[in-house]
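Structures given as structure tokens follow.
Two complexes, one shared chain (subunit A), two partners (subunit B, subunit C).
Moving on, here comes the complex of A and B:
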């Protein structure tokens, strides 16, 4: 995995595989407190208490046709490489919540990467799933919800190529605008 | 500039098109999106496919995903289904993805050297 948005995509695919119908992705970046953190929360079928420790083991998986389950352990490794925090909470039949926090300026912190690509890929995979994306950058906010988009589409499928192409340009513009000028404060020193 | 106002225009246009065209998707492309696929660049392939489909005007091709199929070493992996015929392309990169749309989907020509049998 090259960047955090790939980890987020991987986590969200776990949620989809767990039968999730509501997915929340929250990202918070704050330069002043030097933090980049994200949370992925789903309402999937959850992880049994006895398995929750084991998901961190790269050779553990509950999938029938697979022998390894690398995803979570790769993320944990990416977090620990820069002394961040990683947490996974789950309740069977209620859902799962994965949380990761990084010291933002750490040399080994992977870049956030292409969140637009992650959201688009998720929509092509799970058209029925509702997703909320919340991104905070230095207290500025961006919010996107598939439910609201579907309402304004008035029956046109969210998976229509033309809609996805529009969405890709819309999201990348908005996310770029949110994160723009991130170094302004420091760049203008003196 | 992409804005919400533009979405309204797009929706109206699509609604017009929908009336003209009925029926289910009979062509679909699925990109494999397990941990292996994602790490190998499957997401970039999805984006390229999306734009190429629009470029070629293939609005009735369904773009979907599958999970790991056990060919992790040959990811990114792409499955093209046309009717009953199913073809799996391996080691797909952005350039190959474009070619597959142009040659397989537009012209109906299977690029056998990139497939797995």
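Moving on, here comes the complex of A and C:
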């Protein structure tokens, strides 16, 4: 996967496939403490304790027609390559929480990538799922919730093209403004 | 035919930065997608073959003094990456070939080139 937003999209699609109706994506970046971490939390049907180990195995998948499921093992590898932290917690019928933390300036940490595109894809694919996106950059915050947006849309579907076009512009502007930090000249960026 | 021209033609390269960025001599080539590995093993003057197209490629190139970056698989860098590359005078080139094909062609060119010398 080319960037972290693709991992986030992959995790979120796992959540969708697990029947989640509430999805939380939290990203925290702090240049001073050199951290970039994200959490994807859902209320899907969860993973049995005995299967948790198995999702990290590339030769395990619940998809019947696929022989391997690489998503989570690729993320774990991406984290470990940089000496980061990877955690997956799950309770059957309650939900799943996947957490990944990277040393932000590590050369092999992929850039965050296109979060706007990820959120838009999730809204398009998610149907009635509610989603919260929380992004912290050097303690500045950005918060977006589909539930709140839907309230102000007063009955117009969030999947209407005009809404999505506006949302795309809004999100990319806000996320760009949030992350506008002073990057050192040759240091890690993105 | 200059070495640059030979490479451009054989790998079907398209230069995305200005022609002025093509000022360094090509001395060899290195292929890799793990930035830390490239940082450790690429030699100054090498042409770097990679699938990556984000800003950090330019950062690694500047630190290692490569002669240019070949982005493979018909993938284009974003505007931001191009701007930094232009500023740092790192030539960014794209090709439809993949890493293996591009590296194979380069290997051939350099084998012939060293025989001629």
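One rule holds for everything that comes next: the second predicted complex is superposed on the first by the 182 of 190 C-alpha atoms of A that agree within 3 Å, B and C clash if a C-alpha of one lies under 4 Å from a C-alpha of the other, contacts with A are read in each partner's own complex, and residues count from 1 in each chain.
Going forward, a residue touches a chain if its C-beta (ideal position, glycine included) is under 8 Å from a C-beta of that chain, and two chains touch if they have at least 3 such contacts.
Quick caveat: nothing in here was measured; it's all calculated off a predicted structure.
In the superposition on chain A, A:152 makes contact with subunit B only, not with subunit C. In the superposed pair of complexes, A:3 makes contact with subunit C only, with no contact to subunit B.
Set against each other, subunit B and subunit C touch different numbers of residues in subunit A, with B touching more.
In the superposition on chain A, A:165 makes contact with subunit B only, not with subunit C. Contacts of A:120 after superposition: subunit B is touched, whereas subunit C is not reached. Looking at the shared chain after the overlay, A:111 reaches subunit C, while subunit B stays out of its contact range. Touched by subunit B in one complex and by subunit C in the other are residues 2 of subunit A. Remark: subunit C residues 34-36, 39, 52, 54-56, 59-60, 62-63 touch subunit A in the complex. For subunit B in complex with subunit A, the residues that touch the partner chain are 1-4, 6-8, 10-11, 13-15, 18, 31, 33-36, 38-39, 42-44, 46-47, 50-51, 53-54, 58-59, 61-65, 67-68, 70. Residues of subunit A that touch subunit B in their complex: 1-2, 6, 9-10, 13, 17, 65-66, 69-71, 74, 114, 117-118, 120-121, 124-125, 149, 152-156, 159-166, 168-170, 173.
In the complex of the two chains, the subunit A residues touching subunit C come out as 2-3, 81, 106-108, 110-111, 186-190.
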